[in-house]
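Take a look at the structures listed below.
Note that subunit A is present in both complexes that follow, paired respectively with subunit B and with subunit C.
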Partner chain A sequence: MNTIWLIASGTFGEAMRRKVLLIFLFAGLAIILMGVAFAGLATQARDLTVTKSLGLGVISLAGVFISVILYITLIPQEIERRTIYSILSKPVQRYQFLCGKFLGGLMTVLLNIALMGMVFILLVAAKQWFQYGLNPGPAVLAISKGILMIFFQMTLLGAVAMFFSVFLSPFVNFFLTFAVWLLGNASSLTEALADPGNDPTHPKSAFVVGIFKVLHVVIPNFANYNIQNPIINPHEHITNEPIYIAWNILYAIVYTAILLTVGSLIFDKREV
Partner chain B sequence: MAQDTIIPSPDALSGNGMAPPGFKDGIGKAIEIKNLVKQYKKVTAVNNISLDVYEGEIFGFLGPNGAGKTTTIKTLLGLIFPTAGEVLVLGKPAGDIDVKEKLSYLPESPYFYEHMTASEVVGFYGSLFGLSGTTKQKRVDELLELVGLQNAGKKSLRAFSKGMLQRVGIAQALINDPKVLFFDEPTSGLDPVAHRDIRDLILHLKSEGRTIFLSSHQLSDVELVCDRVSILHGGKIRRLGHVDELIAGGSVEVVAEGVKATETQMAQLRDLSSKSELVENTLTITTAASTESKNRVLDWVRAAGGNVLSMTQTRRTLEDIFYEVVHQGELETGTAFTVPSALEKNSMEKNLVEKN
Partner chain C sequence: MLSSSRRLSLLVIALLLFIPIGFLQTQLIDPFYKKNYAPPKSKSGPSGLSLAGSNLPATFALGAFTGFREAIAGMLWVRCDEFFHNGDYDAIMPLIRIITWLDPHQIDVYETGAWHMDYNFTDSQERSDRRYIPLSVALLKEGIDNNEDQPDLYSDMAFVHYFRKIQDFPQSRHWFGKGWDVVTAKAVVDEKSDQHGLKDQINFDGADKGVMTVGHGYAHSLEFNGQEQEAVKQWQACLDLHQKLIAVKDGKDLSETQNLEIASKQLRELQGRLKYRPIDTKVPLDMGFRPQLVRVAPKVFVLQGSLNAIGAKKFVLETGAREFGPVDGCRVEIRLQDENYKLPDIGVYGLGSAVDPNVTIMQDAASVRAGKIGGDQGRKIDMSQDKDMYSFKAPRYTVTAWFAPNNPNDAPIQVQDRIGWLGEGLDPNQKNFVQTDGKSLLPGSVSPVPGLRMLAKTWTLSREDIVGAGKKVFN
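The block that comes next holds the complex of A and B.
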């Protein structure tokens, strides 16, 4: 565990200084600030809806870019810069290296999301309290849950990108990870396409149904982590919300563990 | 210069029984490479090489770019896997975690996490070996002093020159007090002072009984520090042996005057010498540097009534051998430069004079 932690801390220190990631962080923060400032031009209800919607959307999108760009390059960059040689020639197992890189990346993603999230929560709380005289507590709690789900969505996305980075080039990995993310966000669509249906006038090809069934099962369900609607709209609720959140967090952890295990097995055989 | 090509026997090429000078028989083998083949799709990067490196020796691993040196080193470190053959380091398969505790690697132009200081980087690698606390810090300070960075330990690597990074690389390579060191171009891009410091450090490491596997294009360094060398070309070992043996030979130039040789004596001279040139009354004879050849030429001069004016021995260098091997390899593979170098032109002109 010490070795994994050492590699993770080295990765975190290096990743936090990557300009491309800082651009997304600062762009995200700037949009959140502007969103909070300009949404005040609308009515109270509309103002809070726009602020929350924009803020969570920006954190999610910036998180996606930070996560994908970071994870697709973590391993290839180590190979290109040859740091991997001096590390793997030490008594370091390949799975320790991979897990360390993943953990370091996760710490970076967590810090970026947490920074944007904290700024966003503070601004929303200030707006609720000072501008409209509302108790910010419920909104802060709801937004925190939304940010937590975004973080676990990014954990899952990072694991997908890291898994592909073990055997694909960053260029191919970028598009493939995005494709997985888009498909994972459209899980209701893949579910519908995987349904053979019972309309005899429009029979579905068994092959196509089979492909979508596999896709629906294999591709992680990113859509489950988008809980913006109940946060934005006070009339919408998630049934058994704590269980829903806990279940999806567990899903992200298990899925990530599977991807890292398979990734480690492949990386063990990979020549660097 | 006479081209006394040393054609190694298959046994010599496999490295069997070739302990370096001063080494007792039965000394442990630090590295054993047996019939190593590494194939990348249609390209054979390493083609059935075998060699042993003994404990405590500095072994020079030479070859032009693309000869298969880095591929072999990566195989020895367990970073890549052999297509065929066997690779053992300290008696265990390459990549074995116990072996990694006892070896170290300095890659060419090493890169380290730039946000760290020199002290942190060396400490980071120390932690990978389980060092911690004051033991680690003491070792880090000792090594930074050894590589002359005691005053730069707190500086960020971002501010380091290439030479300073190389020193950090050496410090990290020594953090575990390794038995076997793999150095890939340790003096590449260094200024003459740093270059010499690192060369001296390599000799110091040898004096401590460490085994060093040195890949370098700095042939003068290799000649100075290495016990044995191998020269690779096209994935094959073309020469393998003690440095002194490889550069042995050379030629002797005998200058004589007043030679009045008969036709028969001139015919004898052609057998004795590799080259002879008569200018006015002075005859210059070039022959192999062996005592027998020298004596036969001297006897011939006396028999022909001449006086020996001078006798000069020309020593071959590792660079000569290296060039010879590479050129021979290029001719075999048809990859030789078609534009002759100044050196070659000079040699060709000389040959024409000899023939005329």
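The block that comes next holds the complex of A and C.
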């Protein structure tokens, strides 16, 4: 565990020095701050809706870019610079190296999302309090839940990118990870296609339904983590929401474990 | 390097982990997500899948799938407002469809969208375009389907739409009743909580506004359907909830006290009327309803004629002192529509929803002053300026002019004091008297009110009667 932690902390330090990630971080922060510009929208509800939705969307999108750019390069960069040889020549197992890299990347993503999240929460709280005289407490709590879900979505996305990075070039990995992310966000479509339906005039092929059922389970479901709607519409009350959040955290952890395990097995066989 | 057997066992473990993943996804997460977060697969609206496959622009679909649903919806709604101010109504309709799909919980889009369709798409004389009503109904129904626990949408459907616009009081009562069920369900009695020192502690959770908007409206709608005793009970139920709310709020909310006073005054007045109206409606009244339709130019008519309203010029409910005589304030409604037109039930508000350009409907109302419909000049109805709205494609048209005693717009309260809630005081032998016998005789597919007695006159006109030149009188 100590080995994993050492690799993780080294990865975190190195990742934080990478300017390309800072660009996404600052761009995200800038767009969130621009939310103030929407103060002139027609109504208070509309103004807050757009501000909250835009803020959460930007954190999510910036998080996606940070995660993908970071994770697709973590392993290939080590191979390209040949620094991996000096690490693997020490008593370090390849799975420890992979897990350490993943954890280091995750700490970087966490810090970035936390920074954007804090700025966004302060902005919304100030807007609610000073502009509209509303108690910011419930909104802050709701947005925190949204940011937590974004973080676990990025954990899963990072695991996907890291999995592909052990056998694909960063260029191919970038597009493939994005494709998986988009597909995983459209899970309501795969689920609908996996539904056999009950219309006798338009029967669905059992084979096709079966394929979509498998796809629906195998493709990591990123849409699970998009819980913005009730956050943005405070009159919507979701019963047992903490349980739903817990299921999704468990989902992210188990799915990440699968990807890291299979990734480690592939990496273990790979010639470096 | 791992041994082959260890590699195999790790691979098997990894693959086996898809079992809990599949269970989590399909059994726990999917049902919860669909219920609470997914774009609506509504009872009256399209599903996410079908909409994605039916001309939804890819940019919106992409936005919807990447966490920007509500931001896009918000910006589109701002754009809608610009279209409305520019009079580009056709552009608004599909935008509303996309916005409510992207964010099905933005109540104000349903409310404002339906309000625009009901009231604000007008001709040059500011008569609303009634062809939008089926769309408005479909949109509000979808809003209610997607937000079943929000009293505001029920009150919009019941009051803004059915009560004020269509004047369909049975439908208004129906939706107020459904909304009232929501309000009372929200006013949960929680006997365990006693932080205000009350036996019955209630968690209103947004129901407080609904007691006024839905509860009071429901009582009025019962009255306009001739269900006065039920209306009394409803006012009492409102009073009860207002009192509980005042207690919960420790009397700090002055508007709640005002609402209580309003409900209590309405109840007092209703009870007073229940006492005196059965007496005052006993003598049959001939109101001399003689509407006349005059074509003054092609597609231009004047509604004129007489309606002699008698009402309470003075009425002290407490003492019963009252005095009747001729009064102003009545209105006569008029509607022209294609012969045999029936309000279509479009069911689903879709991307391609639009008004039928071949249908012609005009509805207006004329106030009655000194017994003259439309005053000395009559009510001028000019349909010649708005060819898109009044296409006159049908060969024949039905024009109906009517006075409905249960409609507070037609018969103000002082007139109802003489003729009753359902026209009980009208002389059945007078000209143009109609005993509805539980059938709706009102155009516009208005639901029947059992026991309603009214005054109505119907003309059937040919297209030539409407577009022809010169003056022509229809008696």
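As a working rule, the second predicted complex is superposed on the first by the 258 of 272 C-alpha atoms of A that agree within 3 Å, B and C clash if a C-alpha of one lies under 4 Å from a C-alpha of the other, contacts with A are read in each partner's own complex, and residues count from 1 in each chain.
The working rule: a contact is a pair of C-beta atoms (placed from the backbone, for glycine too) under 8 Å apart; a residue touches a chain by one contact, two chains touch by 3 or more.
This is a predicted model, so every value here is computed, not measured.
Novice: State whether subunit B and subunit C clash or fit side by side on subunit A once the two structures are superposed.
Specialist: Partners fit side by side after overlay.
Novice: Have a look at where A:3 lands relative to subunit B and subunit C in the superposition and call it first, second, both or neither.
Specialist: first
Novice: Looking only at contacts as defined up top, I'd like to know whether subunit B or subunit C touches more of subunit A.
Specialist: Of the two chains, more subunit A residues are contacted by C.
Novice: So after the superposition, what angle do subunit B and subunit C open up at subunit A's Cα centre, nearest 10 degrees?
Specialist: Rounded to the nearest ten degrees, it is 160.
Novice: Can you give the closest approach of subunit B to subunit C, taken over C-alpha atoms and in whole Å, for the superposition?
Specialist: 7
Novice: Would you mind listing the overlap between the subunit B footprint and the subunit C footprint on subunit A?
Specialist: 269
Novice: Taking the complex as given, what residues does subunit A use to touch subunit B?
Specialist: Those residues of subunit A that touch subunit B are 2-3, 6, 10, 13-14, 17, 81-93, 269, 271-272.
Novice: Taking the complex as given, what residues does subunit B use to touch subunit A?
Specialist: 74, 77-81, 97-98, 100-101, 103-116, 124-125, 127-130, 169, 172-173, 176, 182
Novice: Could you pull out which subunit C residues touch subunit A in their complex?
Specialist: My answer: residues 1-2, 7, 10-11, 13-14, 17-18, 20-22, 24-26, 28-30, 32-34, 36-39, 47-49, 52, 62, 65-71, 73-75, 77-78, 81, 103-108, 150, 205-206.
Novice: Please name which positions on subunit A make contact with subunit C in the complex.
Specialist: Residues 41-43, 45-46, 49-50, 52-54, 56-57, 60-61, 182, 185-186, 188-189, 191-193, 216-218, 221, 223-224, 226-230, 232-233, 235-238, 240-241, 244, 247-248, 250-251, 254-255, 257-258, 261-262, 264-265, 268-269 of subunit A touch subunit C in their complex.
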